[in-house]
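I have placed the structure first, in the form of C-alpha cells, so that the comments after it can refer back to it.
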Amino acid sequence: MSSQFGTLFRISTFGESHGGGVGVVIDGCPSGIALSEADIQVDLDRRRPGQSEITTPRNEADEAEILSGVYDGLTTGTPIAVIVRNKDHRPSAYDEMAKKYRPSHADYTYDAKYGRRNPNGGGRASARETIGRVAAAAVAKKVLATIAPEIEILPWVASIRDLNANVDPATVTFEQIESNIVRTGDPEMVDAMIDAVKAARADGNSLGGTIECVVRGVPAGWGEPVFDRIEADLAKGMLSLPATKGFEIGSGFAGTLLTGREHNDPFRLDEDGKVVTTSNRSGGVQGGITNGMPIEFRVAFKPTATIMTSQETVDNEGQETELKGKGRHDPCVLPRAVPLVEAMTALVLCDHAMRQRGQQG
Amino acid sequence: MSSQFGTLFRISTFGESHGGGVGVVIDGCPSGIALSEADIQVDLDRRRPGQSEITTPRNEADEAEILSGVYDGLTTGTPIAVIVRNKDHRPSAYDEMAKKYRPSHADYTYDAKYGRRNPNGGGRASARETIGRVAAAAVAKKVLATIAPEIEILPWVASIRDLNANVDPATVTFEQIESNIVRTGDPEMVDAMIDAVKAARADGNSLGGTIECVVRGVPAGWGEPVFDRIEADLAKGMLSLPATKGFEIGSGFAGTLLTGREHNDPFRLDEDGKVVTTSNRSGGVQGGITNGMPIEFRVAFKPTATIMTSQETVDNEGQETELKGKGRHDPCVLPRAVPLVEAMTALVLCDHAMRQRGQQG
Amino acid sequence: MSSQFGTLFRISTFGESHGGGVGVVIDGCPSGIALSEADIQVDLDRRRPGQSEITTPRNEADEAEILSGVYDGLTTGTPIAVIVRNKDHRPSAYDEMAKKYRPSHADYTYDAKYGRRNPNGGGRASARETIGRVAAAAVAKKVLATIAPEIEILPWVASIRDLNANVDPATVTFEQIESNIVRTGDPEMVDAMIDAVKAARADGNSLGGTIECVVRGVPAGWGEPVFDRIEADLAKGMLSLPATKGFEIGSGFAGTLLTGREHNDPFRLDEDGKVVTTSNRSGGVQGGITNGMPIEFRVAFKPTATIMTSQETVDNEGQETELKGKGRHDPCVLPRAVPLVEAMTALVLCDHAMRQRGQQG
Amino acid sequence: MSSQFGTLFRISTFGESHGGGVGVVIDGCPSGIALSEADIQVDLDRRRPGQSEITTPRNEADEAEILSGVYDGLTTGTPIAVIVRNKDHRPSAYDEMAKKYRPSHADYTYDAKYGRRNPNGGGRASARETIGRVAAAAVAKKVLATIAPEIEILPWVASIRDLNANVDPATVTFEQIESNIVRTGDPEMVDAMIDAVKAARADGNSLGGTIECVVRGVPAGWGEPVFDRIEADLAKGMLSLPATKGFEIGSGFAGTLLTGREHNDPFRLDEDGKVVTTSNRSGGVQGGITNGMPIEFRVAFKPTATIMTSQETVDNEGQETELKGKGRHDPCVLPRAVPLVEAMTALVLCDHAMRQRGQQG
C-alpha cells in the first residue's frame, strides 16, 4: 500500500468507504496561506455523490474538518490534517460481495495481495478514497495561486462513449464547464450526454469516456527530468485514479500518424517578445519541462464496473458463480471525475513549483 | 532534476551525450545474483545507435564497466555502479544548436529552467541518457527472474505511422521480435515499415508510432494502491522516456467506446483451478494490483524532432530565426525504443516485487 | 516541516497541542495483524500527562480512535489512521507567550522559519505531538512481534541530574521499570529520584537526565549501511524527540577513553554454536548492522525549559522583556519520555525489519 | 543497503575499497555553481591516507574525475557524477580476513545480512566509502556559499583518548585546525596527541577520541521538525560515519547535570538589534530549527578496530580461532575524520537550506 504522493507538498491519504472516516495529512504546505474548511468543502461538494440526477443517488454530505496546521485562518507550515466522517452505513448491501468477486473490481486483487480486505463498499478501493486527494488539492490550488497567480486548471468531459464534445482549450472557462451536470464544455452535447447516461442506467448498464484538461498560465521551467518529467508525473497521477485506462499529452496517440515535419512546434515570439510555439502538439511540455504554453492532456475512463446485470465470476472459496450488482452507483463516472483530474493536476503542479524553487531558488 | 527511480530497487542515473560518460548507480539490489558486464552489454547493444540500416549511423560502442557491487560474479547487496564512457565527440556539429532552439526539443525548456545547459548533442535531454536505465534494467530482470521465474517482458513495434502490426500478445516471442531490425512481431509488416523509415529519411523527415508490451507470468498481488498502482508506475515510467506522448493499459482509450456490460472481464477458473478472466480488458491489473493475467499496454512515440528541413525557431538572444537539423539521427525511434520500454517495465516490476515482499513477507 | 518517518513502515503525524486533535497515518503496515484501540491506548496511557504525582497535573485522557485500516480486528494492509481529540483547552494560559519568546523553547525559531505559529501550548512543538508516534509504535511493536518474536525493547530512566540508577541490561524487565512512577529499573533510586523531582518543582525549577535502552532478541542482519545504519537511524529517531541533546550507543563517549585492545569485542560461540561477542562495547551493531547481541544506547534529555522563574527574553516585536513560566508542566520529562524512546526504537526497528526482507527476501 | 542521503540535494554513493572505483552521483544540485575537479580534490586530499606520519602509510592518490553535470565550468542542474579509481590493489593482505571475522569490524554482520561480502579491505564497510561523501560535500559547500555566504563549518579534534584540546568555538579558524597534522585547534596539545598516536602504533594498539564542530553564520529557520530536525539529521549524518559511537549537541550529556534555571538560554538583542542568546547550551538549535546562534556538537569515535595484536574470533565456518591485524591502518582515525564530519555537516545543511526555500520561498 502506498498512499503518499508528492516530494515537497506531500500528502498521505487514508480511509475506506465504510468505517470511521477518510481524509488526508498534508506535509510541507507553505505557511501563511489563507485556508478554511469552506475552501475545501466547495471541491468536496463537486466530487460528492448525489449531486445530480445522473450520479448515484447516495447522499454523502462529506463534511470536511481541519484538525491541525491552520491558526487564525492561515496555514502555519505544519501538517494539515483533514478528516471527513463516513455516514452512510449500509454494509448489508455488500454481504454477497464479501464472498463473490465483482468483475473488473479490485476485490480479487486485494485478497490476492493482502489475504483479506474490508469488503464493505469496496473498502480502500472505493471511489470514496479520493476525498483525501480532493481536500489536499484544494490546498494545493491555493499554494499554486501564490506562486503562479495566472494558473487555471480546467478539465472537462470530452466524450461519453462516442459522444464527443467540441471545446476550445484556449477559451473554455470554469463557468462553462460547471454550468451543466455533465461537466462538459460543449453546451450542444449536454442533453445527448445526459440522455445517454440515463439510458445506460435504465438498462442496468454503464458508460465510459474521456476527460480533457488544459492548464493555462503555467510558467516555463517546471518539471524534473529525467524521471519526474511533468508529463510522467501527470500520467502517474491520472493513472492512480480509479477507472482510468489511458493518458495522452499534446498530440498523444494521434500524433503518431504525423511526420516530424507536420508534428514539430515552431518557436516564435509573441507581441510581448515572449517565446511561444505556433502550434502546441507538445502539449505545453518539452523534454519533461513546461515551455510556457498551455498543458493539454486527455484521460480515458472505463465504463463503471458495477452494473445491474448478472455476470460470471468466482467466489473467495474458489467456486464459479454469478453476481448481479447491487447498491447505488454512478452509471458513468465522468462528471464526478472532473474534480479528480483537477485535483491530481493541482497536486502534481504544486509539488513541482515548490521543487523548482527548492533547487533553483 | 530528478534522476532517481524506484523505492527499494532504486536507481540514480547520470550523464550527458557528451562529456566523461553516462551510467547508473543501483541501490538496494539483492545479494547473490549472478551478474557480469556481458549481462548488461547484451541490452546496451540492443539500444545502441548504428545497429542497423534504419537507425542513426552514429557508432557508439557503449561498453559497460561495473565499478562496484559485484564480487566473485555475484552481487553483494551493495550499490552497483555502471559507467559507459562517451566516445563519439563531435561537438562541432552542434555549434548552431547552442544558440538556436531546436523545435520540439528540450533546448528552450532546459534554458528556461536552469538558465544554462550543455548544448552538445542535447546534453542531458539526449537519448543517450537512457543507457543508465537499460543497464539497471538488465540487473532488474535478473532479480525478477529469482522472484517470478515465469516472467517475460515482451514489447514490440505495433505501428509506425499508419502501418499496424498484427501480433498476438499471448504467443509472441522474443525471437520473433528480435528477428527483424524494426523489432515488430508481425513478419508481414517488416518490409513496409523498413521502407517507410527509409523513405522518411530520404525526405529529411521522420516518423512516430506505437510500442505494445505484454508481460506474461506476473503473479497476482503486485502494485501499491492508491498512488503507486502498477499502471500508474508503468505510465510514469513510460512517459519518462524521451519522445513519448501517451500510455494506455488494457482496453485503453478504445475501451471508452464500450459499455460496462461489454467491458467487464468475467472471472472463471482454469483447468488448474487458478482464477483467470475470460477477457483481459483490464490489461492484467485491477484496482492497481496485478490479477495474474498478462499485463498489456501501449505507448505512443512522436516522430523524431530532429529533421533535415529548415524550420522556424528563435535563438537564445530572443531573435526569430530558422534552423535545419544536422548530425546523424534516427528517422524513427521506435526500433531502438523497444529495449527502453522493456527496461522501464523491468524497473517498475522489480521494485514492486520487492515492495510486496517487504510489506507482506 | 517534515512529519514523516520510515521507508516501508511509514508514518505521517499531525496535530498541535490545541485545535482539533493530534494523530498519525501509518502507511505500509502488513495485513493480518490483530489490532484494536486498546492496543494503542495502553501506550498512550503510559505517555499521558497527569499519570502520577511527579508529572504535570494536566489531565489529558488521550483516547485513541482508529479511523481506517482495520477490519474485523485485523489490519488490512491499507493506511491506519489514528486520531486523538484535544480536550483540555486553556489558551488563556498562553496569552503572554504568544508575544514573548520562552527561553530554550521553539517559539522564536518557529516564527523565524514560518513567519507565524500557533502559540497555544507550544503548537506543533508541544510534547503532545508525540502522541502520533506512540500510537504508530504500538502498531510497529505488533508487527515486530510477527517478524522477531523474541524482541524486547526496554528503556528506563538511567539518571536524573546526578542520581544514577544501577541496572543490568541483560536482566532488566518491563515490570521492574513500570513498577515505579519514575520508570527507573533500580528500586533503590526510586525515592531519591522522586524527591529530587518534587524539590525541583517546589523550587520552580526543573531537571534533566538520561534514558538507557536495551533491545534484546534482535536478529543479526538489520540495518542499511552506509547511511541508514541502525545506529544512525536510532540517533535520528532519538534526536527527533523533544528535549533531547545527545545519543550514544555501546561504549559511547566513554569508549573514547579506551584503547583498541581494550575496546574490541572478541567473537566466540555460545553453547548453541551461535556467534556472540564476549563483551558488547559495539552495542549490538557493527558496521551499521545488528550482530545479534543486545542493542544498547543512551539518550540525554535536558531539563524542562518551562520553569516558574522570571527569565530574560525578547518579544516578537523586538523588545527585551522578562517572562515567568505559567501553566502546568512536568518538572522532569524523563519518566514520560521512556515510552517515547521505546516508540522511536520500535519504529526504527520495524522499518528495518521490513526493509531487510524487502531486499533479501 | 541504503547509500542515498538527502531530500533535495540528494547523493548516491558507491564503491568498495577494492574493485573499479568509488564515487557519488549528486542529484538536485542547483545550476550555475562554479565547479571543477580541483574544488573536489582539495577535500579528497585532506581525507586521503598517507597524508602524514600519523596516518596509514597507504598511498592512495584518490584523483577525482567529474563525469557529468558540469559544462563550461558551471553546474548545469543535472546529475553530477564523480568517480575515483581504486589503485592500490593488495588483496593478498586480506586472505586470512576473508575467512576470519575481524573483531569489532563489519565482516560478520555483512555476511549475516547479505550471505556474502567483498572481503578485500573491508569491502563496502571500508573507510574508502567516504570518498563519495567528501566529493559531494565539496559541491554542497559551494551551494551553501551561495545561500548563506557567512557560513563556516569548522570541526576539529577535541580529544584523543584523555588528551583534551582547549578551543574557543567562537574564534577557532580553519587555518588553526589545518596547521597541524592532528587537526586539533589547540596548538599546545599537538605534540602530546602526536606522541600518543605514535606510541599506540608502536604498541600495535589504537586510540579513539572526539571531534567537536562549530558552524557559524547559519541563518535562523533551517530544520524540518518534527522528524527532520537539524540535530536529528546531524546525528544521523554523524552516526552514519564509520567508527562513530555518539553525538551530542549544545550542552549534550553534561547538560543533564544542570537544572532548568541553569540551562535555559536567555534571549537578548545584540547591538544590531538581532535576536541572540547570551549562552548557547541549545547548541544553535531550538525545537529542531536553527536560531541563528552557532551550531555546536561533538562526535565520539571509537579506537580503530584493526590492531596488530592477536585477538579471539570465529571464522565463517563457525570455528573459534585467532586473528592478528595485518596491512596498513590508521592507529587513530580522528585526524582524517575531521573532513568527514565537515562533509556530513555540509550535506545536511545544504539540503535543509534548499528545503527551507522549497517550502517557504
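Some points to look at:
Per-chain residue numbering starts at 1, and chain names A, B, C and D are given in the order in which the chains are listed.
Here, a residue touches a chain if its C-beta (ideal position, glycine included) is under 8 Å from a C-beta of that chain, and two chains touch if they have at least 3 such contacts.
Quick caveat: nothing in here was measured; it's all calculated off a predicted structure.
Just to note, of B-C and A-B, the chains joined by more C-beta pairs in contact are A-B. With respect to chain D, maximal separation of chain centres occurs for A (centres as means of Cα atoms). One inter-chain figure worth recording: chain B and chain D are separated by 39 Å, centre to centre, where each centre is the mean of the chain's CA atoms.
With centres set at the average Cα position, the gap from chain A to chain B is 26 Å.
Each chain gets a centre from the mean of its Cα atoms; for chain B and chain C, those two points are 46 Å apart. Looking at chain C, residues 1-4, 7, 13, 28-29, 31, 77, 110, 113-115, 124, 355, 359-360 sit in touch with two or more other chains.
Taken in their complex, chain D has these residues touching chain A: 7-8, 28-31, 77, 147, 354-355, 357-361. Listing the residues of chain A that touch chain C in their complex gives 1-4, 10, 12-16, 19-23, 25, 27-29, 31-32, 65-72, 74, 76-81, 83, 113-119, 123-124.
On the chain C side of its complex with chain D, the touching residues are 1-5, 7, 13, 101, 103-106, 108-110, 112-115, 124-125, 129, 159, 161-162, 200, 204-210, 220-229, 231-240, 242, 244-253, 255-269, 273, 275, 277-278, 281-283, 285-292, 298, 300-307, 309, 311-314, 318, 320, 355-356, 359-360.
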